[in-house]
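The two complexes that follow have chain A in common; it is paired with chain B in the first and with chain C in the second.
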Partner chain A sequence: MTMYISGLGMLGIFGKGRDELIKAVKDSRTTESYEKLNVDLKAAKNKKLSSKMRRADRFTKMAVYSVGDAVENHETEEFNLRETGVILTTAFGPHNTTFGFLDELITYGEKNVSPIKFSHSVHNAAASYIAQIFNIKGPVTTVAQYKFPVVHAITLARSWLENKLCENVLVCSVEEKGNVFDAAVNQKLKISDNNRLKPINFSEAGKAVPAEGAVSFLLTSAKIKSSCCRISQCGFNSCDFLSTDCYIAGADGIPPDQTFYKKITSNPKPVCVFSPVYGSIMTGTAFDIGIAVLILNNYCGYNDYIVNQAASSCLQPKKITCVKSDCCNDFAAVSLETL
Partner chain B sequence: MKVVVSGYGVISGIGKDIGETLKNFSPAEIEPEAVTVFDSELKNPVFEVKEWPAEKYSTGQRSASLLFHALGEALTSAGLKRDLKKYRIGICIGTTVACQLNDIGFYENYKKNGLIDNNSLNRYLNGNLAELIKVRYGLSGPALTVVNACTSGADAIGTASLWIKSGLCDIAIAGGADEINKVPLAGFASLNNMSEERCRPFDKNRAGLNVGEGSGVVILETEDHIKKRNCHSDIVLSGYSTATDAYHLTAPSPEGTGLKKAVRNSMKEASVTGDEIAFVNAHGTATRDNDLIEGQVIGELIGKKIKFLSTKGYTGHTLGAAGGIEAVFTILGLKKKWIPKSHGFRDFDEEIGISPVTERTEIEKNAAMSTSLAFGGNNTVLIFKRQEN
Partner chain C sequence: MSNVNELDELREQLKKLIVEALSLEDIEPDEIADDEALFGSGLGLDSLDAVEIYVMLQRNFGIEIKNTSDAKNIFYSIDSLAKYVQKHRKK
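Right after this comes the complex of A and B.
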């Protein structure tokens, strides 16, 4: 089943919204050029939405702001927001709130913890805020997955649409950064000491540059006015590698088995890597898809991000495939095409 | 396309397998007691899984251990104990605790010493339930962990059924698993939602829930596929719907908006009327708000004479596992043609307007509904049908 991306919202270390992402891509921003590797929530603040999130945590706010941008035209567009479904996907969820709750347990004891902290530490709190704030009454699901969280969410969205659970689906991917997780990543994987991300570097072990952000897509089963591209393929361990014009590889310094990336970069088609723009994020595929949408619609180019020397150039691609490999040489792929 | 239940397995405070569960449904004398799996200031009774065979327990991975225990029984009953790799199998598991790094020892160590305990971290990173199953059995289909609080297990089953209908897999392992953990225990206490005695779902004087733990797993597959394996199933998953209240983070909509929608849509998909439903296995947490709204919606949409029960009086509220465990109990009701009494219920609540069954009850009709509600306003309904051979 073909799905259309009919709304796109995002915030990351580069800023908020497609304009700031386009600028970051055009300016070849990289992780070492940012002052902070956190999302600037003050700059992203939207008064109308903020007033409904006084108690919400950072994770929820990122999710809601990205959804706000993805559905900004909903009052004038021909889609029914009320009958839309929501799939929130994350690897680690609102872990800072979980640790905040543990702080309360340690400091005040089991009988004196905050019910607000508890209810916000539940993984589906952010999705619940999205439903409440945007008055969405369709199915709402949160999934927590380390491997391919974004592609799993898009695959589920397609099943929802195919089985008519709802008319449209908002897929929202969110990941937050925090001290405990940074320390854990550093111990497990090693964090780059100069914030420099060197993906597709087969000669040395990769180093991560943990960052954070949220990306939301409005997926519709029919083409509507705001549709900007179509998802022609989405799945795991199978992909029509010959028919795409360009690849975006999700290599982000978190070391996978490199067999897949070696194979794909030996391909004559251009392979780009954009993770230096947004950082090492488990849900980074969502940023890659967002950037693919911008390239397909001619908002930005990709030449500066090509990583394979043998590449033949394609000035304006009509089809881009975003691929992500994991530590077991499994991969997930999403192909996007112009309308 | 028909999605059949070809196998099922369960473990909870009432029993470590199907046989023990059915046996203990009858006298129902297992009492909830104060938690023993960790030290706690809270003395509210809980339903722990006890007397667990040591060889079946992985240290520090209680939810996963519960899951694999139920999964083993489910695979055996589906005739799928060997050669799983040759099938296209998807995995969808619901949980709450297993996806959070809520290990107090780990966190205290980091806070005090700035140290990351690798054992705890590895347990967490290797503890994603769907991925664990995928790795252990070397499966190649989609693997997804659903974290919709207390509807997680039911949504995992519904999601798996959609995968099968969409052709993403031929067989799906689906259900839920959750362990008793200090975070939800203290969290529910902070919300004044925990009973000081056995919980009393739908009772006028209900005073909150008992936390429980366990796992319920079903094996789903297409009818064509089970025939190809020369196996048979008489249980069909014929309806799944989920809808949100968009009302409040912890309280259900007073009008039952999302639950009504999910009930109606699931009945439409299953092509059943209220009169054709044998019984409803309700979420029935014994909290004031949940039971009021759920009871009113069941009475309004299914009928005031419907036979219904909550099994929380036997298992406690097993959180992300509840939808999986209760799906298995619903299937058992259809297969055995009886349901146990709704344990803990004594006094009719006029505001709810309907009463659950107060004794073991024979059932005749062929369709049954399992409802699940959750924090965040999630409402999920599964309908199973027994088909005659």
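Right after this comes the complex of A and C.
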């Protein structure tokens, strides 16, 4: 089933919204140029939305702000938010709040822990905020897993649309940086000591530059006025993805094994890597999809990000496939095409 | 330290603790008037905030309010809260 991306919202270390991402891509702004690899929530603040989530943590605020951008035209557009489903996807969830709650439990005892912190420590809290703030009445769930969380969420969205559970689906991917995340990454591999992300570096094991951010897509089963591209395929470990004009590889230092990326860069089709723009994020595929949307709609180019030198150039691709591999060299892919 | 000075300091401390515990991002502690109603028409706090204030009092001052019917008067304003804390604090 074809799905259409009919709304896009994002925030990351580069700033908020498509304009700031386009600027970061055009200026080749990378992780090493930022003082902090956190989202500037004050700059991203939306007064109308923030008044409805005073008690929310960073994780939820990032999610809600990105959804706010993705559906900013919903009052004038032809889709109905009430008939929309929500799939929030994450690898680590609101772990700063979760571990903050556990810290309080140890420090103050069970009688003196913050009930608000407890209620926000569950993975589904952010999805609930989205549903409540945007008055969404469709199904709401959270997909929390390490292995290809974004592609699993999009696959689930397709299933909901095919089975007419709702008319549209908001897929929101969000990942938060924090001490626990950094420690987990550092145990499995190495964190770059100069914030330089060298995503394709076959001579040594990858080093990660943990960052954070949120990306939201409004997926519709029909083409509407705000539709900007279509998702023609999404799935796992399939050769169907070989037919494309260009690849965006999700290589970001996680995992260190780059066998899959080595294989794909021997392809004559251009392979681009944008992770230095947004950092090492388990849900980074969502950023790649967002960038693919921008390239397909001619907002930015990709030549500076091609990593396979033998690649034949394609001036304006009509189809881009975002691929991400894991430590088992399994891969997930999403193909996007122009309308 | 005189009781009056101690009460003033407590008021300031409570304002800071409340702003922090309740994530009142748009309010500076000194914007809260001593006699302003914390709930309802005043600062606009609600019952969930009351639970957080209750936890904050336990953590910082060792105060446990066992009779919940008293809470309405104690939690009315910064002034009433400070007077109660001054009288019942254990730390």
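Basically, the second predicted complex is superposed on the first by the 334 of 339 C-alpha atoms of A that agree within 3 Å, B and C clash if a C-alpha of one lies under 4 Å from a C-alpha of the other, contacts with A are read in each partner's own complex, and residues count from 1 in each chain.
The rule we apply is simple: a contact is a pair of C-beta atoms (placed from the backbone, for glycine too) under 8 Å apart; a residue touches a chain by one contact, two chains touch by 3 or more.
Just so it is clear, the model here is predicted, and its values are computed rather than measured.
Shared-chain residue A:299: touches no atom of chain B or chain C. In the superposition on chain A, A:114 makes contact with both chain B and chain C. The larger set of touched chain A residues comes from B, when the choice is between chain B and chain C. Looking at the shared chain after the overlay, A:54 reaches chain C, while chain B stays out of its contact range.
In the overlay built on the shared chain, the residue A:102 is in contact with chain B alone; chain C does not reach it. In the superposition on chain A, contact of A:165 is made with chain B only, not with chain C. Once the two complexes are overlaid on the shared chain, A:136 sits against chain B while remaining clear of chain C. In the superposition on chain A, A:155 makes contact with chain B only, not with chain C. By the touch criterion stated above, A:122 is placed in contact with chain B alone, chain C being left untouched. Common to the chain B and chain C contact sets on chain A are residues 111-115.
Within the complex, the chain A residues that touch chain C are 50, 54-55, 108, 111-116.
Partner chain B is touched in their complex by these residues of chain A: 86, 92-93, 95, 98-99, 101-103, 105-106, 109-115, 118-125, 127-129, 131-132, 135-147, 152, 155-156, 158-160, 162-163, 165, 180, 183-184, 187-188, 236-237. Chain C meets chain A in the complex at residues 21-25, 48, 51-52, 55, 58-59. By the touch criterion given at the top, residues 40-42, 96, 99-102, 104, 107-108, 110-111, 114, 116, 118, 121, 125, 128, 130-131, 140, 142-149, 155, 159, 162-163, 165-166, 168, 182-187, 189-191, 241-250, 257-258, 261, 374-378 of chain B touch chain A in their complex.
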